[in-house]
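Below you'll find a set of structures to go through.
Look for chain A in each of the two complexes below; its partner is chain B in the first and chain C in the second.
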Partner chain A sequence: MASSSKTITVVSSDGDEFEMTMKAAEQSKLITHMLDEFGVSDKVPLYNVNSETMAKVMEYCKKHADHEAAKEEDGGAAIGAGGEEELKKWDDEFLKVENGLLFNIILAANYLEIKSLLDSSCQAVADMIKGKTPEQIREIFNIKNDFTPEEEAKLRSENEWAFQED
Partner chain B sequence: MVSEEVMKAVFPLLDGVDLASCMVVCKQWRDLARDDYFWKCLCAKRWPSICKRRNPPTSSYYKLYQTFYRRQHHKPLLPPRISFDDLEFFIDIWAENRLLFSEVVPGSVLQQGTKISPSGVCEMLKCHLEGSEFKMTLPVEPRFKIPLSQTETVSISVLVGRKDSNKVAYVINKSMFDYIDWSLFRASAFEYLDISPAYRFLSGIRAWISLLFMEDGDEGAMDVFGIQLDFCDVANSKEEVLWLLDMLDWK
Partner chain C sequence: MLRKRRRTTMKSLTGTVSNNGRTAIKVKNKALELQTWSDLPDELLELILSRLTLADNVRASAVCKRWHASASAVRVVNQSPWLMCIPKFGSWCEFYDPVHRKTYSWEFTELTGSRLCYAKDGWLLLYRYRSHRVFFFNPFTREVIKLPRYEMTCQIIAFSCAPTSPGCVLFAVDHVTPLFVVISTCHLGDSEWTTLSYRNRLPFVSSSIWNKVVFFNGLFYCLSLTGWIGVFDPVKRVWNVLAVPPPKCPENVLAKNWREGKFMTEHEGDILVIYACSSEKLIIFKLDQIKMEWEKMDTLEGATVFASFLSSHSKTDMPGIMRNSVYFPKVRFYGKRCISYSFDDCRYYPRKQCHDWGGQKPFENIWIEPPKNFSGFLDES
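Coming up: the complex of A and B.
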C-alpha cells in the first residue's frame, strides 16, 4: 500500500538509528505488526538487536525486498531462471561471518520474525556441525569441554550407536 | 557459551548421529540435546506413524531412535548355554550288517579336531584339516577299510547326549554316504536336524558327517582315518554349533 520510497526508522539496542524502506521492513513480521499497531511516524525501538547485527539484518532485508520487487516487475522476467539460485548464493556468502555475529543474526531473525533469514542462518550453523566429531565441534565453536573424563566416557558409550562405523 | 536459544533453533535441523555428537560436546549441549522433543521430531520424520500415539512406544523417543535408526548387522552371539564338555556323541558306522565303527566320543575330543594327518593323506585334505577354522573332527584309530565295492552300503547313525539334563537327541538317525568327493577324499552323509518344538519353523538345517580317507590302491578300498562332523548350513563357529545343538529336540 505504501509507496516503496517511504521509509521507517528503527533504533538498535546501542541507540543507533537505521533507516529502511517499507518493503524491506516488511521482511520482518514483528516490525510489520508494530507498524500496524503504532503507525509509521514513530521510531521503532529494537531492544534486543545491537548495531552490528542490525546492520547485517538491514542488508538482508534490503536484498530480499529488492529481489521480490524485481520478481513482481516483469512478471519474473527480470529475475530469470537463475534468479533464485543467485539469491541463495548471496545468502550463503552473506552468512560467512564470525560465529558470534552469526549467532546474533539467528537471535535477531528469531526476534524480528524473519523466517527466511532464521532458516538460512540456522541451517548454516547446522552445516557446521554435520558430520563432525565432538572434538571438532568444540573447536569450531570455541567450547570448553567441561566433562570429567569419566563423564565423557559414559556419554560416549551411551551414544556409541552414533559413533559406530558400519 | 553459545546461547541456548540458538542451539534450540539449530538442533531440530540435525540428524540423529549429529545430535548425538552434540551431546558429547559440553554439559550445556548435553542437557539441551537430551530433550526428548528433538528425538520425537527425528522419529516423526523417520516413522510418522509412531507419533500417532501420545506416548512413545519405548521409554523415550531418544531410546527408540537410537535402537532402530539403523539395522544392526553385527549381532554379537550370546554365550551358549552348553559347552562341549557337557556332550558326548554316540557314533555307529555300518557296512550292510557289519559294524565298522562304534564309539562314544566326548564332545571335548570332537571340538579339538585333529590337525595331524597320517602320511599318505592327500595335500588338499591335509590343508583343510590343518586350517584354523573351527572343525569337529576325530581320528579313527585303529583305521578301518571299506572296499570300494561296498561303499554304497555304508550307513551311519549319530546320537548326542547331554549331561546337564540327561537327555539325548538325534544328530543323524540313519544316513548313507551318498556323496563321495574324490578330490578331497571325503565321503559324506547328511540328514535334516530335528529341532525342538520350542523353535518352530526352523527346517532345512542339515547335519553333515564325513569319512576322511586315503585311497588304498592295492586293495581297492577306502582307508578311513578320520571322521568329520559339521553344520555348514548355518553354524560355522564353536558358539554357533553349541547354540544349534542346544536347539535340538532333546528327549
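Coming up: the complex of A and C.
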C-alpha cells in the first residue's frame, strides 16, 4: 500500500483545513483511530485544537514522519546516532515558543495521543520550573498564590532545606 | 464577579489595539494565557511535575494548592540503604534504618561461618572459610546463589551488579608483589574462576595493596592504600594504573588512621574518595579523568553517601535532613543514631567522630539497599 502518497485532511476548531500525509497522521494515535472509523476520504474534525496549535502539530508530525521514513530507507544506516541527536535538537528549538502556545501544544499532544510530543513538551515545561523559587514559578505561569501566610509558612518549614537561597 | 472582570479586561485590550487582524488574535491569546496554566488538567500537571527532582518538586508544591496536590501525588523520596551488621559469631544480624532510626534483628543461619565481602543492589557477597566458597546472599528474599570454588587469599572481592541481572561478573584483586597483581574473575554461569597476573605499572615501588573497589561504567576501579587508582576492564581483560597522583590529605597526614579512613564510591558519573582522617572535617576528592587529577570538593551537592569499609553507595533525593551528608557504619545511642557528617553544617553528628574505620569491625558492617516498601523484619529491637 503506497500510503506515503496518500494525504488526509484535518479540520481545526477555527474551521481551517490542514493536509497531512498518512505517515505524518500515523504519529497521532487518535487520528489513526478516527481514520479507521471515518475512512480516508472524509475530513477529520479536531475541534479541540485551534489553527495556530494545529499548524505547529502538523510541523512536528511531518518532521518525525520524515525522520522515520529516512530510518527505514537505508536500513537505519543513514540516520545513525547523530541523527537521533539532531532530531532532539530540532525538538528543543521547535518548543521554544511563548507559554500560551506551549500550553496548547501540551493539550493537543495529549488529545491527539502523540506520545513523543507530549513527553518533549512536558519536559520543556519541567525545564522552566527547574531551579526556580515558588515566586518565580508563579510569575512565569501567571499563577495566583492561594495559600494563606500561615499555610505557606508551614509548608516551608516542613522542608526547610529546599527553600534555602544559596 | 470574577468572570465579569475577565470580560472587561479582554474588551479593553482588543479595544486599544489597531484594526490589524493578526494583532487582535495575538492579544486575544495573551488574555487567554491569564487563565490557562491554572486550568491545566491534573494528569498533565502531574506528568510535568513527575519530571522534577525532589528539591524542585518541593518548591513547585509551594506555588499554589493545585500544584501542591499534584506535586505531592508524584513526589518520590528515594529509599535509604540500611546498615547491616553481621556478627563474627552467631547468626543474629541487625539492620539499622537511618530514616526511621529503627533497628531490626533477624536470624540468618545461612551466614554462619562466613565473612562479608561486598554489597550491591540489595545483594551480599560472602566467603565461607571452611569450604573456600564465595556465595551471593539476598537477606530480603533469603536467596542463596553458589559460585565455583575460590581460595580467597586477598582482601578485596567485588561484583558488578545483582546476580539476577545479566552480565554479572565477580572481580578479585590480590597484591602479590609491588610489580604484579593477580586478578581473578568469574561470570555468573562459569564453572570456575579465571586467574591471571598483570604488571602493576606504578610510578614507584610503594604499597600497592588495593582495598577498595567500585564498579562503574563497565570498569572496576580499585583504590590502593596509598591513594592510587587501578582500573580493570573485565571485557578486554586489561589492567591499568592511572597516572593520577594520590590526593593530598592536608591535615593529619601522619594520623594513625589515614590509610583506613578512606571510602570510595561513584556518584553521577564521577569517582569520589572520602577522607575521614580528621576529627574536624571531612574531605571529598573527585577524580577528574580529563585533567587526570583529583579535585577537592566541600559539598556533595545535596547527595548522600552511605560509607562502609567494604563498599559505599551514593544516593540522591534522600529525605531533607539526610541531604549533603555522609553516613558512617556505626550506630550509637542504643541503635538509634548513626554517625554522620553534614557538609551543610560542616560537622559530625555527634561531634568529632574520628574513628579508625579500619578497626571498627570493617567486615561486620555494610550498607545494603532493601527492596521498595520492604516489611519483612517485623521484630523491632
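Observations on the model:
Convention: the second predicted complex is superposed on the first by the 155 of 166 C-alpha atoms of A that agree within 3 Å, B and C clash if a C-alpha of one lies under 4 Å from a C-alpha of the other, contacts with A are read in each partner's own complex, and residues count from 1 in each chain.
The working rule: a residue touches a chain if its C-beta (ideal position, glycine included) is under 8 Å from a C-beta of that chain, and two chains touch if they have at least 3 such contacts.
This one's a predicted model, so the numbers in the text were calculated from it and none came from an experiment.
Superimposing the complexes on chain A yields a three-chain arrangement in which chain B and chain C clash. Touch criterion not met for A:55: it reaches neither chain B nor chain C. Contacts of A:125 after superposition: both chain B and chain C are touched. In the superposed model, A:146 lies in contact with both chain B and chain C. Overlaying the two complexes on chain A leaves one chain C stretch of 6-14, 60-68 or 114-122 clashing with chain B, which is 60-68. Comparing which residues of chain A touch chain B with which touch chain C, the overlap comprises 103, 106-107, 110, 118, 122-123, 125-126, 129-134, 137-138, 141, 143-147, 152, 155-156, 159, 161-163. Residues of chain A that touch chain C in their complex: 52, 99-101, 103-104, 106-107, 110, 118, 122-123, 125-126, 129-134, 137-138, 141-147, 152, 155-156, 159-163. Note for the complex: chain A touches chain B at residues 103, 106-107, 110, 118, 122-123, 125-126, 129-134, 137-138, 141, 143-147, 152, 155-156, 159, 161-163, 166. Against chain A, in their complex, chain C makes its touches with residues 25, 29-30, 32-34, 36-38, 40-41, 43-44, 47-49, 51-56, 58-65, 67-68, 320-321, 323, 344.
Residues 1-3, 5-6, 9-10, 13-18, 20-27, 29-30, 66-67, 69-70 of chain B are the ones touching chain A in the complex.
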